[in-house]
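Okay, got some structures for you below.
Shared between the two complexes below is chain A, which pairs with chain B and chain C, respectively.
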Partner chain A sequence: MGTNHTTKHNFAQQFEFSGKVKTWSVLAVLLGAGAVAYGFYSGHAERTFANLLLMAYYFTCVCAAGAFFVALQYVAQAGWSAGLVRIPQAFAKVLPIASLVLIGIVAAGLYSHNLYHHWHADGLTDPNSPHYDPIIAGKAVYLNVPFFLTRLVVFLGIYSFFALALTKLSNREDLEGGLNSYKKSIGYSAVFLVIFGFTTPIWAFDTIMSLEAHWFSTMFGWYNFAAMWVSGLCAITLTVIFLKRSGYLTWINDSHLHDLGKFIFAFSIFWTYVWFAQFLLIYYANIPEETVYFYKRWEPEFKPWFWLNIVMNFVSPLLILMTRDAKRKESVLIFVSIFLLCGHWLDYYMMVMPGTVGAERGFGIIEVGTAIGFAGLFVFLMLTSLSKKPLVPVNHPFLEESLNHHI
Partner chain B sequence: MSKTKYILGHFADPDEMMHGIDKLQENNIPVYDVFTPMPIHGIEDKLGVKRSRLPIAAFCFGATGTLTAFVMIYYMLVYDWPMNIGGKPAFAIPDFVPVMFELTVLFGAFGMVGTFFFKNHLFPGRAPRVMDLRATNDRFIIAIDAQEVKDAKKVDSLLKDAGAVEVLHNERKYVSYE
Partner chain C sequence: MSSHHESIIREPLITGENITYAKVTEDVLVPVENKANKAWWIGFTIAALGALMWVVAVSYTFWNGIGAWGLNKTVGWAWDITGFVWWVGIGHAGTLISAVLLLFRQNWRNSINRSAEAMTIFAVICAATYVISHMGRPWLAYWPLPLPNQFGSLWVNFNSPLVWDVFAISTYFSVSLVFWYTGLLPDIATIRDRATGLRRKIYSILSFGWNGSVKTWQRFEAVSLILAGVSTPLVLSVHTIVSFDFATSVIPGWHTTIFPPYFVAGAIFSGFAMVQTLLLIARKVMNFENYITMFHIESMNKIIIVTGSIVGVAYLTELFIAWYSGAEYEQYAFLNRVSGPYWWAYWSMMTCNVISPQLFWFKKIRTSIAASWILSIVVNIGMWFERFVIIVTSLHRDYLPSSWAMFYPTWVDVAVFVGSIGLFFTLFLLFLRFLPAIAMAEVKLLVKTSSEQSKKALIKGGKVDKEHAKFYVESLDKYDSVNQADYAKI
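Moving on to the complex of A and B:
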């Protein structure tokens, strides 16, 4: 009560990125590059592109979730998270690179006709062509290559700008102190959240939903947002726990973990809510142009994975994280976070694969290799940016509250 | 001194009150209860208050709600009066989910509020039982059961030393709002 914990912790300590983690993350990136090269040389160009899109999107989403987390804490003027906010900030700092990777893969897939060929092919919008598709022609005003790429670049550019602006303000706060940077961060965050809220659904429509351009669902954007937020929270929790286990972040106690666990638990249920809302409306209305999406995923090829998706992303967090004790235990949170990160990979897999490779989908070197490669890339870039700053924003106005966090 | 039922130590400051609890516990004087106008972090651990079992009640009520909804819809839509709605089978589980979800929330919420009221003796029209009115305003109060204390004078001096602004010897347990 009212005691000052500052003396107990070493706030000047910086994360040192070296040793095993560095070696393994570089090896993972090389492994991923090898798997992608194998995919192209063994004649699976389309499948490799589908995997690249999946992982690049996942990677960007996790980084964007970091920026979203930081902005959310500022807008809510949250105190509990002040001691761990440097981790989502490190995620946010990787966002520009992740965005470039995603834009590169989308553009390469688009122009090489490996992705988005459902709406991007010769003659689709030409009434005299044998390939004429009246539905695609009707959507061409929105779904055309220049506008599509412009949207992607503008959205990701705006997210990256705000992500960097927020981390920069936090750095300035470290040096100058005072409330100026904090107040500015609130303003930036509020603007960012409004833009982010309105544009992430469009981002999801463009990057993922347009793979099956005939089909549409207005819930799809929120569904993707929920997946993004849960996987981002899991990545944050994992990073926090592993840092704590390696002797950093000594000030993080089980109450902080409890809050992160509650977040994961709540948003797993939110994910299910949105997933089910989309499913129920389509099932109930039973309009062929809408049911086609679930029809594909209900074929024997995908049906077991369709069910596994629900079990992994809803049933398991619901049952495992329901009690208070479970949310406060590091080992349980590590298990659930890794499990959910795999679960949301499957979730994205179920979004991407039926519309791209369909029955020629697979699960082998390409899938696993690409996933490991991107995970390694994320860990490498995130820990590199984390190691450049002290692990705690020493002049954060609510730092003391975070150090004494108790629920 | 025998008529005294409860000794109440009034504190103006929560830290001094926490200090007072420490002093009493060091001298093996059992604390009956503590009343504060706001939540004090860490006080449950200090007093050894057990964790609330409200979540267990919530789970039971929620599960009851799920089951009630399932039985209700099953009876209405499958057993009693099956109807063809949009060509769907009578026993179409996706249709059941929203109602089951909503009744889970409804039962869980009302059940928890009801349990809380029941356990705390709060009912509409009933005067709440409080040991001291100022505990709801500006005083942090430690209550000690006088029957369990041999030397009341020692308790008084311990409380005063810890910073109590006032020590009351009450002959009734509760003062109510009536």
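Moving on to the complex of A and C:
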């Protein structure tokens, strides 16, 4: 089977997580913890919770995107990605921890009445109460704390199970060789993708859309999926380039980067497509119970950010990544990936803040600090899991194709 | 992925012994270079009679006005728009296969893209006939175009999604046609080089002077990629804008934000089903078993499961959000769909589109030709019902219960629809007779790397991992065009 690459590349080499990156990621976590503590002590409990929710959701989404990436490669019988699949696998391995963080924050927010008070407050469903809200009362069979938390735990539990199962199978393949793990991975991936496809819209409706519990949009689930997928791809690309620059992944060439760049380009356009379709249809039909959502986002305190969102997440990848050369340059991909990760932070910010803190929104130590803290936590956990096994699945049946990938 | 490093476990895209470039040409051109057989004439006669029925029904409509249809004051849009959306949807697979699968470097597209693109073009033509017959006064068909006019300041309504439709579909049709024809050029040149007399002259003009030089091929490859890039957003835009025809309104059941991507997924779903319906027969009748293999059939079935499930997610999302919204009109619209007088249409849609494709999870079913063919037809019946459900059940019980009504089609509605199917098959059968149904030039690219014989040579030479080779040979079990006995000796 072709040339023997073991002479050229060191497949046994493992990533060593130490030095500056480790120090900085730990510092970032501490900084984040400090910012959160500051938020609570300075009397901004609700705003801090909104930021915690935003970042915990973002963190979980990026890890879930890693699991999705791995599963997708198996069912599509993709060959090009075999040499870099350990990176999304490392994302997937962090998913259980990310899920626990998200569940913890959501539960704490619910019980302390800092989150979801639009549907979770005293008297909302009691016809004799002055706070009675007939619309919320109509949804109470679905939007109630026990059922809500059960859904979150069950969904994230299932995703985590499959994320771990897929990484375990890949590890077993390293040790045992053969095609058994590969065959099983396809089966697990297919089942995971079906469950994931049917449940992620509900996950998004619950965790984010119910912050403004009167409002509804059927597109919201797929819109959140698009954001998840783009930010996951950006994080994968950044990690690949970082490893390559640190002397690992010597087998990753500009064709692999080109493919990652194409994915980012294409799905940024897809994100825009669903964002715009949702916006246009609501704007055009102008039905009050729907327009209320965008009305809030067109208030002066949000309007500039509303437009900045579309510029960052659509116009910039479109213009920067249009050419073939741009997608093959590390420096361009690093810039676009970081820019888009910030862009999708803003995207989530626009989903969360108007319905929680509203006009009291802020952009300061709490926002920046929480974001840095979670980024540090993600980097720390992901690189730790990455350092535990070799950077290439040596017995992957498509490895040879990936090593010779050339487009 | 076709490279010299292609993994042995990838299933072959071309089967059969002694496949050479010349043999590919010979096999593909059999129907083009010989007299039509009886089967073709029977099929063509039936299809042409259908097309004739379409001419009669549409002429009748033009003469009498659209009052000839079963529309009433409550249901003012029914089979006509249902048929239109159905055909536009079917017209999605071709460009998806030629553009999106090209960008994803899915080489199995090479044997099916030609017919799929032809099918796309004919389906869009069928859809266009509905646009014209809708107008009632077809001689004014140029009115939707924003042309300078003598009617004072009267322009088209640029805010109307119906006008966007005119732009979207005409752009899509033009680009698909150019894409299809560009791909045909090297193959038409092949026919030209083998023909004599008048035939040679005609194919010579059609081949645009193709000379097969390196430069020509380079330009051909460049233009294919550019057209693929241009068509990819078009695949999404067409059905997105078709969905806007409904979703921009305030009609419960029509106005929902998920419509654009949900319509696109449904369109790809029905398009692949139609490709499957046509190719399973063409493969048998024209002896293309070595080029359209079980791998192609299985892959298309997998796309049908995926898109069918995406459509399923959309149905359930709509149903759930209708309840969750708390908006009583929205809730009633869906309650009425599920359990009102048109319950049978809703449940036919659910069964055909969401439940039946799940049968493809069983390998036995998705690799059975008969089952694939039957299910591909079931899917398109379901997709017709989907449009009927969306359109008629949302309209027939409006805000004013005294005007609630049912829709009953007249013979003209039925004849226009059945006739359009006849028109479609007439065009497709003519295509099979005069143009190569498989992209010869593109299939030839795969002979050296992805054919069964090249893989067999690798295994014989002992150049591959034993376990991988075993896996590969086992994967050939499902192929109806491979003789397993050959491998027993190796």
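The rule is simple: the second predicted complex is superposed on the first by the 405 of 407 C-alpha atoms of A that agree within 3 Å, B and C clash if a C-alpha of one lies under 4 Å from a C-alpha of the other, contacts with A are read in each partner's own complex, and residues count from 1 in each chain.
Methods note: a residue touches a chain if its C-beta (ideal position, glycine included) is under 8 Å from a C-beta of that chain, and two chains touch if they have at least 3 such contacts.
Quick caveat: nothing in here was measured; it's all calculated off a predicted structure.
Look at chain A after the overlay: chain B and chain C clash there.
By the touch criterion defined above, A:Gln77 reaches chain C but does not reach chain B. Once the two complexes are laid over each other on the shared chain, residue contacts for A:Trp222 go to chain C alone; chain B is not touched.
Look at A:Tyr142: by the touch rule set out above, it reaches chain C but stays clear of chain B.
In the superposed pair of complexes, A:Val274 makes contact with chain C only, with no contact to chain B. Here chain B and chain C are compared by how many residues of chain A each touches, and C touches more.
Look at A:Ala359: by the touch rule set out above, it reaches neither chain B nor chain C. When both complexes are overlaid on chain A, the residue A:Leu179 reaches chain C alone and has no touch with chain B. When both complexes are overlaid on chain A, the residue A:His406 reaches chain B and chain C alike. Touched by chain B in one complex and by chain C in the other are residues 1-2, 280, 284, 404, 406 of chain A.
Note for the complex: chain C touches chain A at residues 1, 3-10, 103, 105, 233, 236, 240, 244, 247-250, 255-261, 309-310, 312-314, 316-318, 321, 324-327, 463-465, 467-468, 471. Of all residues in chain A, only 1-2, 276, 279-280, 283-284, 286, 322-324, 404, 406 touch chain B in the complex they form. On the side of chain B, the complex with chain A involves touching residues 14-15, 18, 40-42, 51, 55, 59, 86-87, 94-95, 97-98. Chain A contributes residues 1-2, 77, 79-80, 134-135, 138-139, 142, 178-179, 194, 197-198, 201, 205, 214, 216-222, 262, 269, 273-274, 277-278, 280-282, 284-285, 287, 289, 397-398, 400-401, 403-404, 406-407 to its touches with chain C in the complex.
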